[in-house]
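Please go over the structures that come below.
Each of the next two complexes has chain A plus one other chain: chain B in the first, chain C in the second.
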Partner chain A sequence: MLVSDIKSRPVYERLGVDASGRRHLVVSDAPRPLAEVIDGADSAAAPLGYWVVAATSAVDAQPQAEPATGNAVPLERRAFRAVPHLLDRLSHRLAQETVGFRLYAVGEEGFVWNVAKLAREAGLEAAECRTAHAGSLRRRVFCVHCKTITEDVTTSLAACDGCGAHLVVRDHFSRHLAAFMGVQADAEAPGELPPVEELFP
Partner chain B sequence: MTALTVPLRVAATVPLSPTLRAFTLIPADGGLAPPSGPGAHLRLHLRSGGKLLRNAYSLTSNPEDRSHLSIIVRRVAASRGGSAFLHEEVAEGDVIEAGLPANLFPLVRTARKHLMVSGGIGLTPFLAYIAAFEAAGTPWELHHFCRPDERAVFEALLARLPASRVHIHCDMALGALEDALLRQPLGTHFYTCGPAALMEAGLALAQALGWPKVRLHSESFGGAAEGGAPFVAVLRRSGIEVAVGAETSLLAAMEAAGVDAPCLCRGGACGQCLIEVAEGEPEHRDHFLDEAERASNRLIMTCVSRSRTPRLVLEL
Partner chain C sequence: MTIQFKPDETFRDEFSYSNSDAAVLRFPFPFPEDAYMYSVNIEPHVRGGPSPAFDNPFDVDEHYVAECRERAKVLEQDPSRCKVLPHMMAAEWDTLELIMESFATSYPEHFTLTRDGTSWTWENRPLGIRDSFTFGDASTLPLPPFEYITRQAQGDFTLQDQREDNLFVDGGMVTTQADWSLDFDVGMTFHQWHGPVPLAHQKGVFDRALKFLLRLQYGAPVRRLNWTMTVNPRLDTSPENYPQWGPDRLTLTPENIGRKLHLRVELQSLFRLPRSNAILFGIRCYLCSIEDLARVGVWGKRLHRVLRDLHPEIADYKGTTRYRDMAVAYLAPFDDGAELPAGTAPRQSTLAPRS
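For the complex of A and B:
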């Protein structure tokens, strides 16, 4: 029922540093080796930042400059306590940035599309903000009935956090909301629900 | 379908310099001027010395103000006759037939800021842009390049605008432009209009400084339509042959021969003038056909494209 050819379902490719950029920032929702998430970082010709969510209070988000290796430019690393912490600092950074900047987001879909939304609101074009998926496939689900977003959905049916409706998680994805659409499963025959499957581990 | 025309009366004509002249045009039948948008041009039908010329001029007036349309015309030394005619023979009160305004150089409404680079008379579309930006409160910045002897003319045209946004340069050194390109906030779009060398240099500099193509926009004065090897267009259905000279476009040659050929934008953009090709190989100069359509050699946009073969047979 869920495998579909809905065209709004994002398709991801592996990230690569866009050589035409003048400054690069890679953001990740988990600590991952930089070389694992993007190609060309060690040969980038322009300054590159790598921001990660460390998910611990033991980090201070201060820039840690790494010495350049070979002909590469300096790399600046920052670690954040949580996703909102990183997004907050990203908003400030985008407000000060100039044309020539390139942003790359890697992580779960809810995270990368929240980053893409911030980027769009800051004036970045799609060509300047690239996304890639890593980690869990769990989905953010938007209830089309009550407009509540339910996080971390791994199953084909999920109870809406807002109205409690049993939602079918569709492949229909909204870049505007950074979420998949959820539609009441038993709207026509109340109480009749299809079996629940673990689809988005 | 031949594009609709509207008669316009010359309400005022004012010399700005020995080679620049401003015209204010109002509908000859009264009423509101036809609608236009920032970056639109007006194609005047000029009857001079037995020839009919259709010359396009960027509108400089505020599109929101429908009381009149304004243009500025440069008298070109190697004129085909249009600009000399406008400078020397058109007087206040004369009525000129004109096509409806068309826009091949629209601004990007979602941009946060607009950075404009113009050269000489290439300033004209930006006068309409700036009127729209000032009305909407959108940030903008203009870098205008001109000869030293014309500096005062352009300063006067821009005198009522905020001085902090207007930068006039009288040399081709692009250092000031590089500084500007390096400090634009995210969401800025870049537009350029003027001599090809200036536009190419500005676009190349922007790309070298990390500006993606989607932010870059240029106006070419429709130069693509002009000139090439002469050829003969055979209109198979009408049973006539039209000689297309080196200095005229296929569309203009067909119109001169009395053929009511379809057209709208006359700039290779809209696709309205598309005609099937039966024989011969078109030389595509439009922005409409995709690569497969071009390679098929089965279609041609008559307003800008020409022929690689001496004969081109059209289904018209």
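For the complex of A and C:
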């Protein structure tokens, strides 16, 4: 049951600006045109920020305000050096936010659910933080035996970074851990392993 | 009536666990018909029914002391088998009160609860525990209230918080489970933690069950039975320890399968809690070898038919693929094909000796 209809696997819809929000922040784990990741940004009735991971030390996360044209609201862009850099800045922002804030995360699953976890810990309701998938399908895999998370798994079987067990990547996803479950594939008959398939490019 | 406990039986290593004849006859056999399919088989959790296991809110039987010892061993290895999210403290106290009150009422010869306002004294004689504490003040107990009391009860427990028209599994004590992980599932919604179950989603079973449970009333608990099969009388068939118990499935032979293969029945009970409005979910596990089950005429026949005709996807999910044919072959001689009455009662009061 590697790719199945297990109901814990998130199903994503395209993001749209929530008209009830009073401040919006979109975060992306790669530079993408804003119109590509969310609908309604150009007609939003409230200030909107767009933070992206540029994956280079040449950026400094300084806010870049774009002049608003016509009736449009201000758009503030920031570029971050890496995902942890963005998440660290985001946790400070979340600590200051109040009612009316809307957060949107787009990117690989590990990223968007780490953002969702920060949002939950900061007290946002589930509907106030929306997620969408973009980029690689590779998975973060939580080893149920030793609790290690192995990153960037693209295949049906993966060796655990912690205990070395050959894990079959179950289609069961934990939003708390932002990871899929990995279970030893040959626990019943050691060495009896199914063929490895590239499933999550 | 005083229960004769068997404190030294084990659920690992040499597997000295066994059922007395009386324990076999009170086994909550889960198959009222010859065929099995998922359903919302929920009924009021009231006294009575085909097995004395249904007579009390929380059933205590001859395995009580040994099961509490087994739980302590698992927690020593892996304390994360007990996890409760911080916002569930009211539900922790609700659980402690419910289990203590129930045990003391159902089994006064073994348990006593003395309440004087918030000054409570709890005596658990089978485990040699006597503690006085202030209800509502966790610093007066040696352990957090949920862990304290569920270490003294048979079966697993989870706590469901109700919000956003959903149930979230926001805590639990899970050491005797049929291959699911609390550490992985904690915080999930109802549909998420049932994600891996095949077929039932498509049948709308979980939609209907959730709707029903959201309306569960205080004082009107409900129950259902679930089942699977386990090689050896092992309580801890967790995904965490799958590398330890998985190889057991390859040890079955036509000669030993009667003794080694166990029907594992979960008596699941659901209680609305008064202060927290959370739901306590009890998952009480009963194990009986298929050899002992076949000593009850109607059970041996029915188990043969259910296993023989089981939907392949369910058979696979329950982990029976490697040995199902062998189990069916073992049970076939007990089944003369006669029509069986509906229901699960054993319809006999003594057992034939083991062959």
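By definition in this document, the second predicted complex is superposed on the first by the 200 of 201 C-alpha atoms of A that agree within 3 Å, B and C clash if a C-alpha of one lies under 4 Å from a C-alpha of the other, contacts with A are read in each partner's own complex, and residues count from 1 in each chain.
The working rule: a residue touches a chain if its C-beta (ideal position, glycine included) is under 8 Å from a C-beta of that chain, and two chains touch if they have at least 3 such contacts.
Computed from a prediction, not measured in an experiment: that's the story for all the values here.
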Room on chain A for both chain B and chain C (clash or fit): fit
Which superposed partner A:A65 touches (first chain B, second chain C, both, neither): neither
Partner chain(s) touched by A:S174 [first = chain B, second = chain C, both, neither]: second
Touched partner set for A:A165, first chain B, second chain C, both or neither: second
Chain B versus chain C as contact partner of A:A187, first or second or both or neither: second
Contacts of A:K147 with chain B and chain C, given as first, second, both or neither: second
First (chain B), second (chain C), both or neither touched by A:G21: first
Inter-centroid angle chain B-chain A-chain C after superposition on A [Cα, multiple of 10°]: 60
First, second, both or neither for A:R9, with chain B first and chain C second: second
In the superposition, chain B vs chain C on chain A residues touched: C
Least Cα gap, in Å, left between chain B and chain C after the two complexes are fitted on chain A: 5
Chain A positions touched by chain B in one structure and by chain C in the second: 125-126
Residue numbers on chain C that touch chain A, as the complex places them: 80, 164, 181, 183-188, 191-196, 198, 201, 206, 239-243, 246-247, 249-250, 322
Complex contact set, residues of chain A against chain C: 1, 5-9, 125-126, 142, 144-145, 147, 165, 170-177, 181, 183-184, 187-190
Residues on chain A engaged by chain B in the complex (per definition of touch): 20-23, 46, 94, 97-102, 122-128
Contacting residues of chain B [partner chain A, same complex]: 111-112, 181-188, 207, 209-215
